[in-house]
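Both complexes shown next keep subunit A, but they swap its partner, so subunit B is in the first and subunit C is in the second.
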Partner chain A sequence: MNALNRLKNITMNPKAELKEAVASGKKVIGIMPYFCPEELVYAAGMLPFGLWGAEMQANESKQYYPAFICSILHTTLEMGLKGELDDLSAVMIPISCDSLKGMGANWEAGVKNVPVINVAFAENRKIAAGIEFTRSQFRKIQKQIEEIAGRTVSDDEIRKAITIYNENRCAILAFSKAAATHPAEVTAADRCAAIKAGYFMDRAAHTELLNEVTAELENLPASDEGYLKIVTTGIIADAPRLLDIIDKNKMVIVDDQIAHESVNARYVIPEAEDPVLAMAERLAEIEGCSVLYDPGKKRGTQLVEMAKNAGADGILFILTKFCDPEEYDYVPVKRMTDSASIPMLQIEIDQQMTDYGQPESAIMAFAESLR
Partner chain B sequence: MADVYTMGIDIGSTASKCLILKNGTDISGYAVIGAGTGTSGPKRSVEQALSNAGITINEISGITATGYGRNTFSEADWIVSELSCHAIGIHAVFPDVRTLIDIGGQDAKAIRVSTTGKLENFVMNDKCAAGTGRFLDVMARVLELDVSELAERDAMAENVVNISSTCTVFAESEVISQLSNNVNICDLVAGIHRSVAVRTAGLAKRLGIVEPVAMSGGVALNSGAARALERELGIPVRIPPLPQINGAYGAAIYAWEHRKQER
Partner chain C sequence: MSDSIEKKPAKIVLRELQNKIAEEAWEAKKRGEKVGWCASNFPQEITTAMGIPVVYPENMGAAVGAKGGGQRMCEYAEGMGYSGDLCSYSRINFAYADLKKCEEMEIPFPDFLLCCNNICNCMIKWYENLALEMNIPLLLIDIPHLDERTCDEDRIRYIRAQFDDCIRQLEEITGKKMDLEKLKSVMEVSQRSSRAWLRAVGYMASTPSPFSGFDIFNNMAVANVGRGTIEAAEAFEQLADEYEALAAKGESTFKGEEKYRILFEGIACWAHLKYTYKALQTRGINLTATIYGPAFSFLYGNLDELMAAYAYVPNSNCFERELELRVNDALKNKVDGAIFHMNRSCKHWSGNLYEMERRFREQTGLPTIVFDGDQSDPRCFSEAQYETRVEALVEIMEENKKKEVKA
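Now for the complex of A and B:
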C-alpha cells in the first residue's frame, strides 16, 4: 500500500514536511490542541501544522511548567524552547484547559522567534451569546492571520477551506471504518499514523491519500476474525509502543473518541452565509472531548453508543497523565459504561514514558478477561 | 500412566518464583529467589524448583511464564498476564474467593475472580511505590529492621502512629522525624502497615469488594500488613499457604490445563 506508506513516512518525520513547506515559500502556522480555527490558516494559503507534543524528554520546559503538567504541553514547549519550531510563522494556542491557559504566556516568555496567536472560545459554547463570542474571536484571529499572510482572506476562500476540511473529516471516518475490519493490513500504529499525517501536510493531499488507502481496503476481504474489537477514548493515543501492545494482544480499534483522531473528524462545518459563524456553530456541536464544557456529560453516552454500534468487546480509556479534565470525566464515563455492561480499562500514558510494563500487563489481562 | 509435570514461572520486579506441578494438582517443588527480571533470578528459581522436585527440565511437559518479566523467558510455551494467573491460583486454593488483593514488590492489584477461576475485572495501582512491598522495604531500612521482623514488631504495638504521607519519599521523612522524637518502633511499624492497608483497601474498593476476599504476594507473608488490611476492609482476609507463589501456581495450572486440552 503505497499511500499508507507515504502517510506513515510523513508521520515519522513531520519536521521534513515543515522544512519542505518553508523551502517552497509557504508560511506555516503551528496549531496546538484543541479545535483551533485552522481553516482560516488554510484559507490564507498557509500550512496549518499540528503541535501535539512528541515522544521525548522535556527538560527546559520545566523552567516554565511544573512537572505535573501534561506531556503534550511540556514537550511542545520544549521543542519551541530548543528552536526546533523556529520555521513556524506563528503558533495558535487555545485556552481550552487550565494548563493551556498558561501556555501562551510561557511560550511568549521563552520562545522569542515564534509569535503567539491566542485562541479563546466561549466556555458556554452552545448558547447564542457563546456562539457569537466564538465567532467574534475567530474574526479577530482572521485579522492576525491576514497580517502574517500579508493579504486579506475572503469569505469565499474560507468556504473553500471549510469544504476541503469537511472532505478530510469524512475521509478520516471512512478510513477508520475500513481499518476496523482490516487489522492484518492496517495495524493500530498504521491507523494512527495515517490519521496523524493530516496534521503535517496539506489536507486535500491527505484526503487523497487516505481515500486511496480506504479504497484498497474496501476491495480486500475482512481480516478481523479472532480480533477483539475495542473503542478507544481520550486525548491522544499515538505512542508506538502502546499501539504495538494493542496489536500484540490481537485487538483492533473499531472506533475512537480520541481528540487527536476522530473527535475532530466527527463534526463537519455546516454551509452558511457567514463561514466563520458556521465554524463557531460547529464548535458548539462537538461532543466527546473532556476539554469542552459538557454539562450534560454526553461523552459517556456517546461512547456507549459508539461501542454498541461497533459491536465492541471493550473500551480503552487512555488517560493522558496529569490531564485533569480527563480524570474528572473518567468517573461519569465509567459509571455509564458499567451501566451498559461494557468492560472498560483505564491506562495512563505520558509522552515521556520509557517503561510500558504496567500498561502492557493491564492490556494483556484486559484481553484475557474479554476472551 | 506416567506423571505429567508442568511449570509456572512468575518473574516479578523484585523476585522470581517457580513452581512445578504434578498431574495438575500436586506441588512437586517450588522456589522463590529474591532477584527479579533482568537478573539471574529466573534461571536460579527454575534450577532450584527442579532440584526440589527431583526432576529435570526435560520432564516438564509445558511451561507458562507470567509476571513483569514474562516476555523475557524464552523457554515458555505460554505467556499469560500475572492477573489471570493469580485468579487461577487462588481459585485452586479457595474456590469460593471472589476478590483477590495481590501486593507485590512494585505494584498492587485488586482482582475479581469468577466462580470458575477466570479473571473477571481488575484494578492496578498507579506507578507509585506507596502501598507496595517496596514501601515496606524502604521503611524497614529506615527502622534498621529486616522486613521479616515487621510482623513481630507490629504485634507488639500499643498506640498506632499515623503516617499521613502517601508518597514513599515523604513517608520516609515522616518516619525519620518520628524516630527522632523517640516514638516506639513497634507503633511506627503498625502505622506503616496501616498506611499500606489504607492505600490497598482504596484500590480494592475501586474494584468493588465481593466476599470472600483473599490476599497474595510477598506482602501477605507479613501478618501485620494482612491484619491491617482486614481492619481497613472490616472483613476477614484469607491468606493461601504459599501467597508469594500464587501467580506461579496459577501459571503451572494454566500449563496443565492447556496440555490436557492438546492431548
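Now for the complex of A and C:
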C-alpha cells in the first residue's frame, strides 16, 4: 500500500513537510486545537499546519506552564520555544479551554518569531447570536490572514476551500469505515497516522491518498475475524505505543469520537451564500467533543449510539491527562455507557509518558473481560 | 439605615448580610419559590431585579474549605469518578449534590442553574454535569475571553442577546417578570455599592493600611453577590467610612506593626487561611494589594457598558491588561513585594502565573515568590514550602528597606 506508506511517512516527520512547504514559497500557519477556521488559511493559498503537541519531554515550557497543564499545550509550546516552529508565519490559538486561554500570552512571551492569531468563538454556539458572534470573529481572523498572505481572500476562494475540506472529511470517514474491517492491513497506529497526516499536508492531496487506501481496502476481504471491536473517545489517541497495545490485544477501532480524528470529520460545512456564516453554522452542529458547550451531554448519547451502530464490544475513553473538559465529561459519560450496558475503560495518557505498563495491563484485562 | 446597623461595625453588618442572603434563599425554597445555583460572576443585576433567590456553590466551596471539610468532600467526589486534578470547588459541590448534606455548610438545592464563564470555562463543564444529574434547566451566559484590551462591539452584542434571552427563560422558569424600572434601580444601587467598595479598598494605599488585607477575602462574598441591594451599598459605605476614619488617625485593624506590604495574587487557600495569614502577620506583613480589590468594581453607565463590565472581570481580560491591573494596584498601594499562589484547582489562573510573576517583577522591580496551594483542597499545600518562601521574601524586602534608608 504505497499511499498508506506515504501518509505514514508524512506523519512520522511533519517538520519535513513544513520545511518543504516553506522552501516552495508557501506560507504556513500553525493550527492549534480546537475547531480553528483553517479553511480561511487554505483559501488564502497558505498551508494550515496542525499543532497537537508531540511525543517528547517538555522542559522549557515549564517556565511558562505549571506541570498540571496538558501535554498537548506543554509540548507544542516546547517546540515553539526551541525554535522548531520558526518557519510558521503565525499560529492560531483558540480559547476553548482554561489552559488554552493562557497559551496565547505564553506563546507571545516566549516565541518571538511567530505571531499569534487569537481565535474566539461562541460557546452558546447554537443560538442565532452565537452563530453571528462566531461569524464575526472568523471574519476578523480572515483579515489577519489576508495581512499575512499580502492579499485579499474572496468568498469564492473560501467556498472552494470549504469544498476541499468537506471532501477531506468524507474521505476520513470512508477510510475509517474501511479500516474498521481490515485490521490485518491497517493497524491502529496506521489508521491514526493516515488521518493525522492531513494536519501537515495539502488537504486535497490528503484526500487523494486516503481515497486510494480506502479503495484498496474495499477490494480486499475483511480481516477482522477474531478481533474485538472497540470505539475510542477523547481528545487525541496518537501514541504509537498505546495503539500497538490495542493491536496486540487483537482489538480493532471500528469508530472514534476523538477530537483529533473523526469528530472534526463528522460535520461538513453547509453550502451558503456567506461561506463564513456556514462555517459558524457547522460549529453549531458539532457534537461529541468535551471542549464544546454540551448541555444534556449529547456526547454520551452519541457515543452510545456509535458503539451500538458499530456493534462494538467496548469503548476506550482515552483521557488526556490534566484535560479538565475530559475529566468532567468522564463521570456522566461513564454513567451513560453503563446504563446502555456497554463496557468502557478509561486510559489516561500523556505525550510525555515513557512507561506504558499501566495502560497495557488495563487494556489486556479489559480485552480479556470482553472475550 | 436602621439604628442597629449604625451601631455595629461594618464587618459584622456584612457578615449578617451574607447570612441574611443565604437565609432568604432557604425561606424562598420553603415557600415553594424557584431557587437557582449561580456562578459567582454571573450578572447579579438580573436575579436581583427579578427578585429571584440564588446561592453560590463557589462560596460554599470556599466556606467548606475554610471550615475543614474540603478534603472529605473532595475525596468523596473522587470516589464518584471525578479526577483529583479538577477544581476543588466543583468537587465539593458534586459531593454535596450527591450526598445532599454537608456538615460545614449547606445551601438549598436548585431548580435551575445560572452559569457564566467569565471566571473560567470549567464552570461550563461543572454546571453541565449538575444539570444532567439533577435534570434541571441550565442557562449559560458565555462571555468569551478578551483577546484585546477592550470588549468589542461583537462581544457586547453577543452578551446582550444572551442577557435578554436569559431573562426570558428565567421568566418562564420562575413565573417572575423582569421590571425594567427595577433593573435600572438595581443597576444604580450596584454602582453605589461598587463605588463604596472601591473607596473602601482604596484606603489600602494609606500607610499603614487601615485594615488587614485578608479581610477582603471575607468581605468579597457580599461585594460579589449582594451588591445590587441597598443594604450592601450602605454596609460598604459604612466600611469605607470606618477605614477613612482609621486612616486619618494612622490606625489599623492589622495586628502589630505593618513592616512590609505585599500584593497577594490568587484565590486564598481557604483550608489554610489561618496559617497563611499568621505566617505573614507574625512577620509584620500586611496584604495591601489584591486583584479582589478592583475586581468587584462593576462600573457602567448603561446596559451595553454592563455587558462589557462583565467581560472585564479578573482573568477574563487579555494578559497585558491583567498584568497592568496588578502592577498599577501594587504601585498605588506601595507594596514591598508580592506572593503568587499557584492554585492547583485553577488552570486558568495558573496558566499564565509564571509569566505574570516574571513580568510583574520586571515592571515593578519588586521581589516575588510563588507557592503551591489550592483554594479548598488542603492536600496541595505545604506549610514548609510556604514558610521557606515567605522567609526568603522577607529577607529581600528587609534588604531593600535597608538600602532605601541608606539612600
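In this section, the second predicted complex is superposed on the first by the 371 of 371 C-alpha atoms of A that agree within 3 Å, B and C clash if a C-alpha of one lies under 4 Å from a C-alpha of the other, contacts with A are read in each partner's own complex, and residues count from 1 in each chain.
In the analysis below, contacts are C-beta pairs under 8 Å (C-beta built on N, C-alpha and C of every residue); 3 or more make two chains touch, one makes a residue touch a chain.
Predicted model only: the values in this text are computed from it and were never measured.
Asks: What is the contact status of A:Glu368 with respect to subunit B (first) and subunit C (second): first, second, both, or neither?
Replies: first
Asks: One more residue to check, A:Tyr199. First (subunit B), second (subunit C), both or neither?
Replies: Neither partner.
Asks: Using the superposition described at the top, determine whether subunit B or subunit C touches more residues of subunit A.
Replies: After superposition, C is the partner touching more of subunit A.
Asks: Which of the two partners, first being subunit B and second being subunit C, lies in contact with A:Tyr267: first, second, both, or neither?
Replies: Neither subunit B nor subunit C is touched by A:Tyr267.
Asks: For A:Phe35, is the partner it touches subunit B (first), subunit C (second), both, or none of the two (neither)?
Replies: Touch partners of A:Phe35: none, neither subunit B nor subunit C.
Asks: May I ask you to decide whether A:Phe138 touches subunit B, subunit C, both, or neither, giving the answer as first, second, both or neither?
Replies: A:Phe138 contacts neither subunit B nor subunit C.
Asks: Looking at the overlay, what does A:Ala122 touch: subunit B (first), subunit C (second), both, or neither?
Replies: Only subunit C is touched by A:Ala122; subunit B is not.
Asks: Can you list the residues on subunit C that touch subunit A in the complex?
Replies: My answer: residues 80-83, 85-87, 90, 94, 117, 120-122, 124-126, 128-129, 131-133, 138, 140-142, 144-145, 147, 154-155, 157-158, 161-162, 165, 318-320, 342, 344, 346-348, 350-355, 359.
Asks: What part of subunit B is in contact with subunit A in the complex they form?
Replies: Residue positions touching the partner: 68, 80-84, 107, 118-122, 124, 126-127.
Asks: In the complex, go through subunit A and note every residue touching subunit C.
Replies: Within the complex, subunit A touches subunit C at residues 63-66, 68-69, 95-99, 101-106, 108-109, 118, 120-124, 127-130, 132-133, 136-137, 140, 290, 293-297, 321-322, 324-325, 327-332, 334.
Asks: For subunit A, which residues are in contact with subunit B within the complex?
Replies: 343, 348, 357-358, 361-362, 364-365, 368-369
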